[in-house]
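Dumping the structure here so I can ask a few things about it.
Here the chain labels run A, B, C, D and E in written order, and each chain numbers its own residues starting at 1.
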Amino acid sequence: MNIAGGTFGSHPLGYRMLELKNVEVIYDDVILVLKGLSLSVPEGKIVALLGSNGAGKSTTLKAISGLLRSEEGEVTDGGIFFEGQPMHELPPETVVRRGIFQVMEGRRVFEDLTVEENIDMGGYIRNDRAGLRADKEACYEFFPRLRERRKKLAGYLSGGEQQMLAISRALMARPKLMMLDEPSLGLAPLLVAEIFRIIKRINEERKTTILLVEQNANLALSIADYGYIMESGRVVLDGDPEKLRSNEDVKEFYLGGGGGEGGKKSYKNLKFYKRRKRWLS
Amino acid sequence: MEFFLQLVLNGIVVGSIYSLVGLGFVVIYKSTSVLNFAQGEFLVLGAYVCLTLTVQHQVPFFWSFLITLVFSALLGILTERLILRPMIGEPVISLIMVTLGLSSLLKAIIQGIWGTDLRPFPDIFPAEPVQIGPLPVSQGYLISLVSVTILLIIFTLFFKFTRSGVAMRATAFSQQVSLSMGISVKRIFALAWSIAAVVSAIGGVLLAGIRGGLDGAMSFFGLKVIPVVILGGLDSIAGAIVGGPIMGILENLAGGYLDPLVGGGAKEVAPFFILVLILSIKPYGLFGKVKIERV
Amino acid sequence: MPLLRVNNLILHFRGVTALSDVSFEVRRGALHAVIGPNGAGKTSLLNCISGVYRPQRGNIQFDGADVSKLSPATRTKLGIARTFQNIALFKGMTVLDNLLIGRHVHQREGVLAGGAYYGPARREEIANREIVEDIIEFLEIQHIRKKTVGTLAYGLQKRVELARALALEPRLLLLDEPMAGMNAEEKEDMARFILDINEDRGTTMIMIEHDMGVVMDVSHRVTVLSFGEKIADGTPEEVQGDAAVQEAYLGQAHG
Amino acid sequence: QQEIKVGGIFDLTGVTSDVGKPFAQGVQDGVQWVNDNGGINGKKIKLIGADYAYKIDQARALYKKLVNDDKVVMIQGWGTGDTEALKDFVGQDKVPYFSASFSAPLSDPAKFPYNFFVAPTYTDQLRSWLDWVKQDYAKSGGKGRPQVAFMYGDNAYGKSPIAGGKKYAAEIGIDVVDEAVLPGNLQDATSQLLTMKQKGVEYAYINVTTTGVSLVLRDAKKLGMAVKFGSNPYGFSESLVKLAGPLAEGVTGVMPHAPYGTPVPGMTNVVAMHDKLRAGEIGDALYVRGYAYVMVWSEALKRADKAGQLNGPGVKAATETLADFSTGGLSQSVTYTPTDHRPTMTTSIYQVQGGKLVKIGDYIMPRTKEWLGL
Amino acid sequence: MRCGDFRQSYAEDMALFDSPLPRVLLTGLLVFLLVLPQFATTYWLDVLNRIFIAIIGAMGLNVVTGFTGLISLGTAAFLAVGGYATAAMAGKAGLPFVVVIPLSGLITAAVGLVFGIPSLRLKGLYLAVATLAAHYMVEFTVTHWEHMTGGVNGISIPAAQFAGIELKDDRGIYYLVFPVMVGLLFFTKNLFRTKVGKAFVAIRDQDISAEVMGVDVFRYKLLAFAVSSFLIGVAGSLLAYQGRIISPENFPITLAIDYLGMIIIGGLGSVLGSIFGAIFITLLPEILRLATDALGNHWPGLMVIVAPIKTGVFGLVVILFLIFEPDGMAARWHHIKTYWKLYPFSY
C-alpha cells in the first residue's frame, strides 16, 4: 500500500515510521557511497545499524537528517520517507522540526558555549518552558558530571564528557525519532552500560523511536528490536537480534566471539591476520 | 595638562562613533564568524536614504530616521536572502570575500543613484556644542555616546540570555551542528545582518550629521573601525564599546604629541603600533574570547 | 632505567584539577595501558608527556633526560609520537601527505632544495615515500592512499592517525583510544597492529583504551586514573582485581 | 571626414570622483561644443575617455592603450597620481599631457616638456594667498608678524606647495608656526586644531579637498577658534558653501577658474552647453575648469593642424605658441613658452561673503626663473 | 580515453604531471607565450605583464594565507618594500637587475619575517590586523623617509638593462617578467610537494598536531612569511621596473584586498588557483572597461553613467562566482579533471 510515496505495512514489527528505499548518495558529484540502501524503522522500536568502518552508516544518518548537503553530499536516487512524507528534499532544520534528531558522530559540541547553553540549544525547537526545565534536570540526573561542569565551556570537557553532552542535547529535543551515531564512543565501561540503559529507558518511557548506529554490537543488539548490517553502502543482512546474533559471520566480525572455537579468544593469541571475508563486493 | 585632557576627552567622544560602527561588525562576527567588509557601504546607504527622505521628500527627520532603520533591516534580510543563503555551509573565508564583492556592488548602486558629488547633510543636531569640562563637544558625538551605551546593554543581555542570542553564537561555531539542532541558520543570518545594517545606519546618519556632508567616500569608515573591534576582541560587545574610545584616545594623543614631531601621519600609525603591542599581550583583544584549541 | 618516568605531575585549569600528583614509569619495550573513568585526566596526562600541556608541577624524564621544558616539536624529535582522541589529522590533505608529514623530522632538505626539487630533495622524497609506503602496506590502507583524509570514515581516520605516528619511527608511542569506533573485527586488526609494532619494532607504547577486553589481553602493565589521581598501577590481573578500580571504573566485571 | 583622437583619463568612481566627475563633464561638453562649432578646422575631436578610478596601474594601462593602440595626439589627464606616474612616459612617448594637477615641477619644461596645465601653480597660489594674508593683517590692524599654519594631506597634492610656501612666508615676514597633516579620510580635526590653538595661529591654509575643509571649519567653530581660513582650488568652490553653509562665511580661497555663472564673456557658452546637456544638474567651478581646458588645447590643436603637425611634438609646439590666450574670462589668459609652462602668474582670490563667492582680488607673482618648477 | 592511473614507480607517481599529455600541453603553452609578444599590441602586453606580476604576488600571498592559513593584509606593503628596494638599488646604486630582483625579494623577505613575528601568538583575523598594521607602518615609512623613497612624490627607476639593451617598452619587460614568473611557479609548485611546503599546509590544517609531528610551528610560520614576502617582493621589484616610477599611491590598502580576492577566487592553497585568480582579477576590470568604454564612446554622455556599472559588475561577478564556486576556480578545474579522468565510469 502506497500513500504519498511512503509505504505502510508489513514490517515485522509494525508501522514503518521511517523508510529508506533504494537510496543512493554521492559525495562531491563523483563518490558513490550509498548504493541503493533500503531499510525501515518501525515506530516505537529500537533499530540497530551495524557495519564496518566506511560502510556508510554515518552517511545514512546524514542523508535522513539532511545534513549531507553541507558536506557536498547528495541523495541522487531513491527516497526517504518519514511518517509517509518524502524527506530527502527538506532542509535539516525542518527535519528536526518534523521530529527527527541526530546525534552526530564525534561529539560535535558547541565548544565556546557553556555546558548549560549547549543543553539549551538541544531544546531549541521546543517552547514549553516547564518541560524544558524538567528535561534539563533529567539530563543532569543522567550525567551528574555535567551538572558539575554546568558553567564551563564545552570545549574544555574531556572526550567522554562531551559525548554525554551530545546525548543530553538529543534528550532535550524530545524527538519522535532519535538517531544516535556511536553514542558509546569514548565512554568508560561503566558509562557505556549506563548509556544503553538510558537509551532503553527513553525508548520505553517516552516512546521515542531510535535508530542506533553502534560498533559495540553486543550491547546494541541487546537492547535493539531489529538490526541491519551494512557493507559498502548496502544492507547485507537484517533481522531480529536473535537471528543476527546467531549468524556465524556476525559473531565473527561484530561480536568478536565467532571463529568456531566457541569461547572468547584473546587478542594476544591472534597468530595471523584474518582475511576479511567479503560479504558482497 | 588642559591640552592633554582635551585630547583624551575628544578621543573618548570621537571613539564613541567607532564603537557604534564596531558593534555592527561584532554582531555579524558573533553569529557568523564573518568579518563584513561591506559595513562601510551599509553606513553610507543608511545615511543616503535618510538624507533623501528628509531633503528630497521633506519627511520630518524623526520619521525619515525611523524609515531608514526599517529600510536597513530589510536590506539585511535581502542580503541574507540573495547572497548569504546560497553560501551557507561554505568556508568562512569565502564568505568574507563575498562581503568584499557586496561592498563593490553596493558602492556602484550608491554611485548610480546618488552620484559621487558631496551632498550637504541636514543639520540634525543643534549647532551649539556642549561644554564638557574644558572641551566643547558636538552634540552628534554625545548622541552617539548615549546610543552606544544603550546598545551595549541591549546586546549584552541579548547574547547572554535570549535563545536567539545563544543560537547566534552557536551558529558562529558551527553551522552544521546548529542545523542539526533545528536552528534555522537562514533566520540567524538574516537577523544578524539586519541588526548590523540597522546599527550601521544609525552610525551613518550620526556621522553624516557630524561631518555635515555625505558622499560615498564615507564608507572608508568600515575599514577604519576594524582595528577597533580587533582591539576590543572581535566577538565582544563590550570590547567594541571599550575599543572605540581607547582607539580614539590613542589617535588623539598621537595626533597631539607625535604628529608635530614627525611631520604628520602618526595619528594614523601610532594606534596600530600600540594595537600590535596590546595584541601581543592579549592575543584575542581586550575582551575577545580565546579560541578553544584542544587535542 | 625506564624509558619514561613521570614524577608528581600536577595540572589544573582554573578550578578543575586534571592531574594531582601522578607518578609512574614505563619500561622499555612495554605496552603500558592507562585507563580510568571519563574526565579522569588520561588525555591530559598524554598531553603533558607530549608537551601540549605544561603541568604546573612535576617533571617528565624521557630516556634519562628531563624533557619537561621542551617544546612538543623537540620532544617529537627525541622520539615521542602520539595519536589523538579527537582525531587531529590534517583534514585537507591526502592520507599520503599526512604520513609524509610524519617524516618531517627525518628530512633534511630546506626551502631552496625543495623548490629546486631535482637533485637531493627528490632523492630524499623518494626514500621517504618508500618508508611511508611500507607503513601503508603494514596497516592495510593502500586503497585510501590518495583520499582526502577529511572524507574518510571515522574508523579509518583512526588508522591513518596511527600510521602517521608510525611514520615518525618513534621510540615511545602514545595512543589515545586507538580503537574507539571500531567493530570487533576491526579491533582485532588494530590490536594485532599494535602488538606487531610493540613486538617487532620494539616500540614502547602508552595506550589509553576503554575496551577492557583489549587492555587485559595486550598490555603488560596498567595504570588507573580517577579524578586526576593514580588509584592503581600493576599488571592487568592485579588491576582487574583491585577493589578501587572495580568501583571507580569497571562496575561489574566487564565481559 | 577626419577625426582627431584625444585621450581622456578621468576619475569617475575613485577617491577623487566628487571633483573628478564634474571636471570630466566639463571636458566632454567642451569637446562637444568645439565639434558643434566647426571642430578643429573642420575636423572633429574624438575624445576617447575612460575612468581609471584613481588606480595608478589602471591609469598606466589606459595610457598605454591610448598611446599605442588608439594613437591619440594628446591626453587630457586628471589627478596628481596619474600625472606623476606618467610624467616620464609622456616625455618619452612625446604625448602632450594636460592634467588638472597644478604641481609646480610640472611647469618646468626642462624636466617635463610634455606636461601642461591651465592655472597658476599650486605654489604660486599659496604665495598669492600669503600676500593676501599680509595685506589683510595690516588692514585689520595686526601688529608684529602674522601667525600662519599650513594644513595639508600626506600626499603629493597636499604637500606640493608647502616647501615653497614656507620659504616665501619667511621672505615676506610671515611666521609659519604650525603644520598639521590631515589624513585622507578625515573625520575629526580636533587634535590638530587644539595644537594650532595652543600656538596662537591666526591664519590657516587648508590644502585638502572640500569635505576636509568643511570638517576643519566645523571643528574650529566648535572650539570657538577665530582663525581665518583659506583654501585651494580643490577645497574651495561652490560646493564648500553648499556643504559648510554659514561656517564658510569669510573663508578665502584660490579660484583659478571662474565660479559657474560668473558674468564673463566665455561663460555664455558654458552655461548654454550645461543647460543643453545637463539640465537640472548644478554647475560648478570644476565644470568650468574642464571646459576651460578644452578651450586651451583645442586652440593648440587648431594651430598644430594648420601647421600640418597633428602629432605629439606638433601639439606641444603649438601649445607653446599660445601667448596671452584668453579663455573668455573662464581663467586668466594663458601663455606657454618652450622654456616655461607656467600658464599664468595671476591668482584670483575669492571670499565667501553672504553665501556667495566674491572675488577680492588678483595677486600677481613675478615670473622669475628661480621659481620655475618650485 | 585515459581511465584510472597506472604508474610504475614512486618517482613517477610524484612527478608534477600525472601523464604526458599535460606536459605536452604545457610546453605548447610556454612556447606560445614566448612568441606572443611578436603579435600582441602594447596594451595587451602591458595587461599580460601585469597579470604575470600579479601571479607572482598572488602566489606569494597564497603561500602564507592559502597554504599556511595566516591571513595577510600586508601584500601592498610588501610589494612596496620590493619596489622601493629596487628603486634604491637600481636607481641610487645602479645595480643590474639580475642582482636587484633577487635582492629585493630577500629584503622584502626580511621585512616579512619581522612582521611575521606576531604570528607567534596571533591567529586568524587578529593576525590579519597585525599585518594591516604592517601596511600602515610601511606606508608611513615610505612617505616620510624622503631621501630614500622620494616621499609622496615617488621615485623613478631606470629601465632594466640586458646585454646593453634597455628593457623599456612592454616587450622588453615581458621578457623580463615572464621567465621570472615561470621559474617561481616551478619553485612554488616544487616547494609544495616537498617537506617545507607540506609543513606549511600541516600548520594550516591543525597547528597543534603539526607541532606534535615535530614541525617547529613558529619557525615555519616565519618561514612562510619569508617565502611569501620574497615572492611578493620580487613582484614589487618587477612592478617597479615595469612602472618606472613608484609612489605611495601605487600601494593602497585596496591593493592588498584585491590580492586576497585573487587567491580566494582562484583557490586558496593552490598554485593553479593563484594563476587563475590573478588572471581573473586583473583581466576583469580591463574587460569591463573595454566594454563600458565602448559604450561610453558611442554615446559620450553615457561615460559618466556607465562608469559605476564597472564597479557593480565587478562586485556582482565576485559574488556570483563565490556562490557557485566557493572553493575557487582551481577546485572547479580539479573537478572537471577528475570527472574526465574517470569518464565514462564516473562513479
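The criterion applied here is as follows: a contact is a pair of C-beta atoms (placed from the backbone, for glycine too) under 8 Å apart; a residue touches a chain by one contact, two chains touch by 3 or more.
Bear in mind that the values here come from a model prediction, so they are computed numbers and not experimental data.
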(message) Counting one step per pair of touching chains, how far is subunit E from subunit B at the shortest?
(response) 1
(message) Can you tell me which chain lies farthest from subunit C, using the average of the Cα atoms as each chain's centre?
(response) D
(request) Select the chain at the greatest separation from subunit A, using centres from the mean of Cα atoms. (result) D
(message) Centroid from C-alpha atoms only, then distance subunit A to subunit C, rounded to Å. What do you get?
(response) 28
(request) Calculate how many whole Å lie between the centre of subunit D and the centre of subunit E, each centre taken as the average of the chain's C-alpha atoms. (result) 37
(message) Report the inter-centroid distance (CA atoms only) between subunit A and subunit D in whole Å.
(response) 75
(request) Could you please state the distance in Å, as a whole number, between where the Cα atoms of subunit B are centred and where those of subunit C are centred? (result) 47
(request) Could you list the positions in subunit A whose residues touch two or more of the other chains? (result) 28, 31, 156
(message) Can you pull out the residues of subunit C that are in contact with at least two other chains?
(response) 52, 84-86, 88
(message) Two-or-more-chain contact residues of subunit B, please, as numbers and ranges.
(response) 107-108, 111, 263, 265, 268, 291, 294-295
(request) Would you pull the subunit B residues touching subunit E in the complex into a rising list? (result) 35, 37, 83, 86-87, 90-91, 93-94, 96-98, 100-109, 111-112, 223, 226-227, 230, 234, 262-263, 265-266, 268-269, 272-273, 275-276, 279-280, 283-285, 288, 291, 293, 295
(request) Show which residues of subunit B lie in contact with subunit A when the two form their complex. (result) 88-89, 163, 166-167, 169-170, 173-185, 289, 291-292, 294
(message) Show me the residue ranges of subunit E that touch subunit C in the complex, using the header's touch definition.
(response) 10-11, 13-14, 187-188, 190-191, 193-199, 201-202, 204-206, 208-217, 223, 227, 269
(request) Name, in rising order, each residue of subunit E that touches subunit B in their complex. (result) 71, 118, 121-126, 129-130, 132-133, 136-137, 139-140, 143-144, 207-209, 212, 253, 257, 260-261, 264-265, 268, 305, 307-319, 321-323, 326-327
(request) Spell out the residues on subunit C that touch subunit A in their complex, using ranges where they run on. (result) 13, 16, 35-40, 43, 85-87, 151-156, 159, 177, 180-189, 191-192, 195, 210, 212-214, 217-218, 249-251, 254-255
